[in-house]
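So, here come the structures, one by one.
Below are two complexes that have chain A in common, paired first with chain B and then with chain C.
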Partner chain A sequence: MNWYFRSLGARRIVEFVLLVVFVIFFLGPLLNLLILAVSGKWQYPAALPQSWSLEWWQFVLSQDDVLESISLSFLIATVVTVCSIIVCIPAAYAFARIAFPLSRWFLFSFLLTHAFPKMGLYVSIAVLFYKFGLMNTFLGIVLIHMVNTLMFMTWIPSSAFRSVHRAQEESARDAGAGPLRVFWKITLPMAFPGIMVASIFTFLSSLDEAQGTLLVGIPDFKTMPIIMYSIIADYPNTTGAVFSVILTLPTVILLVAARRFVSADVLAGGFQVK
Partner chain B sequence: MVQAQRKMQTQVGTAEQGDTEAQLSIRNLSKIFKTGDGVTDISLDVQPGEMVTLLGPSGCGKTTVLRSIGGFLEPDSGDILIRGRSVLNLPPEKRPTAMVFQSYNLWPHMTVQDNLAFGLKIRKRKKVEIERSVTEALELVQLSGAARKYPGELSGGQQQRVALARALLLQPDVLLLDEPFSALDAKLRMEMREELREIQTKTGMTMVFVTHDQEEALSISDRIVVMHAGKIEQLSTPQDIYDRPGSLFVASFIGRINLMRSISDGQHIAVGSKVVQQDGSTSIPAGACTLAVRPEDLYLTGEPDSLEGTIRQVMVLGHYAEVSIHCEQEHLKMFVPREQAAELHSGQAVKVGFHKFTAFSEVSS
Partner chain C sequence: MSTSGKRGMLGLALVIPSFLILFVVVILPILYAVRESLIDQNSGEFGLGNYIRLFTDPAMRKNITYTLNVTIVSTLLSLLISYSMAVYLRFSTSWMARWINRLYFVPMFVPGVIATYGLITLYGNHGWMVRLLLLLGIDSFPKIIYDYNGLVLANLWFNIPFATMLLSSALAAVPNSVIESARDAGANIWQLFFRFILPLSYKTMWVAITFIFMGIIGSFTAPFLIGANSPQVLGVAMQQVFSNYQETHTSSAMAVFMFLLCSVMGYFYIRTMGKDADV
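== the complex of A and B ==
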């Protein structure tokens, strides 16, 4: 046995241990959650539940407001994603191609929305919303979600646009395509992976948003995360587990679907200030 | 036959500058960037079927001229005519030009086939016709098997050939090439050069080629425009530019050359102990001047009127040898056949002579 480890070398062993720790740290809680969600009775010292059951799934899914919240959340996330694309893609293109003064500061200012404590920012926005009658409206929620998504949706596509070389656009002009056709046929398709990644981020972050929604959307707009808070408070642990599985599912599905677009390059490129 | 014809046209073109028949005519083009760099007063006529090369050191404005022709830069003044019509007000997509850029020509999300068909589809050609032209173009650049591949799956040289094929497919009145081979290794570059020349003979297309490689320019051009600091320094055939450089800059930029400080008295030029007679064509006023002699025009000799020196180094480079000679305060390089080089060694005292030379007055250049 010893010779085996020695042949591996110390570095390999350290790497292996780190990997194991990493897996336990990240996948452990998830696994625990999955088991909890399908357990009937599970008392402390046992490694596995004493009995399995889907009764809490039934309970959660039979709640009307739960189902409603799921469809509401998906509706909001879809609208937020579409609106962010419409607003941010042209901005991203402008940042990438047109060198106007202070463009770097504009990009940087998007970071600021993430630098302040969220709640403080939301409260000050809420004051404004109150004046304009946006409290407790669908539009209000969409806007408050977009405060968060503006950053990904501008930075990542902007770097994607920047990676399209001028010569590639120019040779399309040369071949006879007007500026609009060049954008549709050359620039946009080449930047598509970056835009896709940003859109997925946007969708997921909107699905997950609770603070702003809570503040702006009460009392009528209950999204998944908000329902979850109340359910966790009122019912046993297992409901919380069931709910988190439901909440995590879209994330996992989207990320798997997007795997072909998500390359480290695109992500790293998205966060450069140029 | 075609070659001969083109040569004829070239000569006619050279003879009648400003001829309205010119395929491409650049008149007093100027473009100065905010930084103060740019090109000034560029005038050039390119005849149908001619290959003209813009040659000059990095930053001399070659790309600026080419991009102005292609429509990617708006000149400050001057005019650009293609087949007699000004194209200055046309955007790139409306100009009868096609450009091969130095790099990043192809669209990585399209197959080679789609890359090539892009321009033809915009021109609303029939599908069958597009198919056929694309196949022909790929055959022309010897890439018949690559139609279904993506640009990322091709080597650098293959990509540049696809770019060339795409430009050829547009059947431009003038094909513009901006250092299209500079990213390739020496051997491939040579092959591509030959291929381009062959394609040009086959299609009779008018081409403006940009390079900073003088060897490349000498080997493929009908005429060369030597540029320096945004201006045309000399415009002539490769032979002429090599044999009769118009300025000290051209002499030292094109090929290798020995420059010797010398003194002119109006009729004779003295370099060290050797005195040469000026020929009638260029007369150098009395005063300091520079004598330029190609290494291959120097020879070892026993003549009395010659330069005395000692050999510093003999380097055998294949079928010839390069000999460095320290000669009356100058370092000279000369080429000798390999057999002769065997008898030479460093430290040896020799006499060097030459007949062919170009003289440049220090006052004028």
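== the complex of A and C ==
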């Protein structure tokens, strides 16, 4: 039995090293920002800050444009999410349940949002928006954010709808429920995790979007990521770190709140169109 | 009209609103960019002049090979690491695997600018990593930020979680009985992987490759903040050509070129997905 324990020990050590590498690689950058955000003085070559302080938080939160950017970003992200849900969920349902002409052609056309380089796409969109008078408008920003969300919002819920068993819908129909009632009472609740995950993706991607907003929203729409770019350029490291923590906070809260719904299967299903 | 015809109409009606938005914000701009790219930047004539210059200008050629190099190396490395992680997560029951399982998809949701900023402060000159290694008595550190290494590193950070998620879900569908009976028949871990796990998750692998490739090749934020000044990846070069030199036609040609590369990947993706539908 001795060899068994020895091999088990070696395995444990390898696993532990893997865990450490994983944590350092993926969480190290975030942890570094977190420490930096609460540091007062942190000069090279100290491994930890010489003094801790929250003074930069006061500075960041006392800036008017920072507070405005936070509320603006949340407003935009909410509108984008609601619009995406209204527009995309019916399409997702149709792709999953209804046979109609060219359906696969339509379904795959959403891949275009990810196939054309974003920067090039935004530039062309800006030209079009200029012609339509959509530059520097709220509608323009919402539309350009939806470029990133259309595919998630269609594919992930579509896969969720598809995984609802038809038998369940049919038995409800047999029991005398109308089609709309079946949708509300059976199909929608069962596809809810997929819709939820797609909505979180949408909300966060809108919160995160910088390049398109910068091109189309200039000069009036300063969202959080845009303020972040100027902070990285103009202020000391600590300010950027503080703002990073503020900008990441909604992500963490949303993920913790929706932990039940976020699973590899729900997400992965959305990228494997059937 | 027949019932199925009516259903078909209903289906179309449900899809049209989202397709209209797609048409306005994606398809029209792409068509516009294609047209722009065909107008010669210098002479203003219709033709392939911009594309010819793209492949003959030495600096641009360097950018193209550099971009392809970064993209392919990052894609393959991400895939390799994600596969190992997914296999490990599938078959390990230790508490460490459970923790990794809980944490690995966090990077997918972290805003790109923040992550890039974190990578710069961690690996940069006088960054935290250098300081920590100094504690261990290591005082030589390779140049990562503003270099090829940093770009690949950032790409790995952004793409491994996504690919691992896709692959774990595919591996979860591999029945335990298949693995056990193969083990009983004396298959070692490599045979197990190449005979059973790989064929059963082959399709998902293509999905992962497609999306990683598309995500990296046109990326802007990370290479803009982390990359070197020369050579540049095409995403950054395109932005500079557009905003510093105002050469709309040249930058459109660059965008369309990247789009064509992505379309090749997209074609294989759709074909792989299409096969499934026929079965």
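The rule is simple: the second predicted complex is superposed on the first by the 260 of 274 C-alpha atoms of A that agree within 3 Å, B and C clash if a C-alpha of one lies under 4 Å from a C-alpha of the other, contacts with A are read in each partner's own complex, and residues count from 1 in each chain.
By definition in this document, contacts are C-beta pairs under 8 Å (C-beta built on N, C-alpha and C of every residue); 3 or more make two chains touch, one makes a residue touch a chain.
Fair warning: this is a prediction, and the values are worked out from it, not measured in the lab.
When the two complexes are overlaid on chain A, chain B and chain C sit side by side with no clash.
Contacts of A:Asn32 after superposition on the shared chain: chain C is touched, whereas chain B is not. When the two structures are aligned on the shared chain, A:Pro189 is found in touch with chain B, with no touch to chain C. Contact with chain C, but none with chain B, is seen for A:Leu19 once the two complexes are overlaid on the shared chain. Chain A has more of its residues touched by C than by the other of chain B and chain C. In the superposed pair of complexes, A:Arg181 makes contact with chain B only, with no contact to chain C. In the superposed pair of complexes, A:Pro219 makes contact with neither chain B nor chain C. With chain A as vertex, the superposed Cα centres of chain B and chain C define an angle of 90 degrees, given in steps of 10. When the shared chain is aligned, chain C comes close enough to touch A:Pro90, but chain B does not. In the superposed model, A:Ser171 lies in contact with chain B only, and not with chain C. The superposed arrangement places chain B and chain C with a least CA-CA distance of 9 Å. Within chain A, no residue touches chain B in one complex and chain C in the other. Across the complex, chain B is touched by residues 165-168, 170-178, 181, 185-186, 189-190, 192 of chain A. Those residues of chain A whose C-beta lies close enough to touch chain C in the complex are 12, 15-16, 18-19, 22-23, 25-30, 32-33, 35-36, 44-47, 87-88, 90-91, 93-95, 98-101, 103-104, 106, 108-121, 123-125, 127-128, 143-144, 146-147, 150, 154, 200, 204, 207-208, 210-211, 225, 228-229, 232, 237, 240-241, 244, 247-248, 251, 254-255, 262, 264-265, 267-269, 271-274. Only residues 70-72, 91-93, 97-99, 101-109, 118-119, 122-123, 163, 166-167, 170 of chain B touch chain A when the two sit together in their complex.
Residues 4, 7-12, 14-15, 17-19, 21-22, 24-30, 32-33, 36, 88, 92, 94, 96-97, 99-100, 103-107, 109-115, 117-119, 121-122, 126-132, 134-135, 156-157, 160-161, 165-166, 168-170, 172, 203-204, 207, 211, 214-215, 217-218, 220-221, 225, 234-235, 238-239, 242, 248, 251-252, 254-256, 258-259, 262-263, 265-266, 269-270, 273-274, 276-277 of chain C are the ones that touch chain A when the two sit in their complex.
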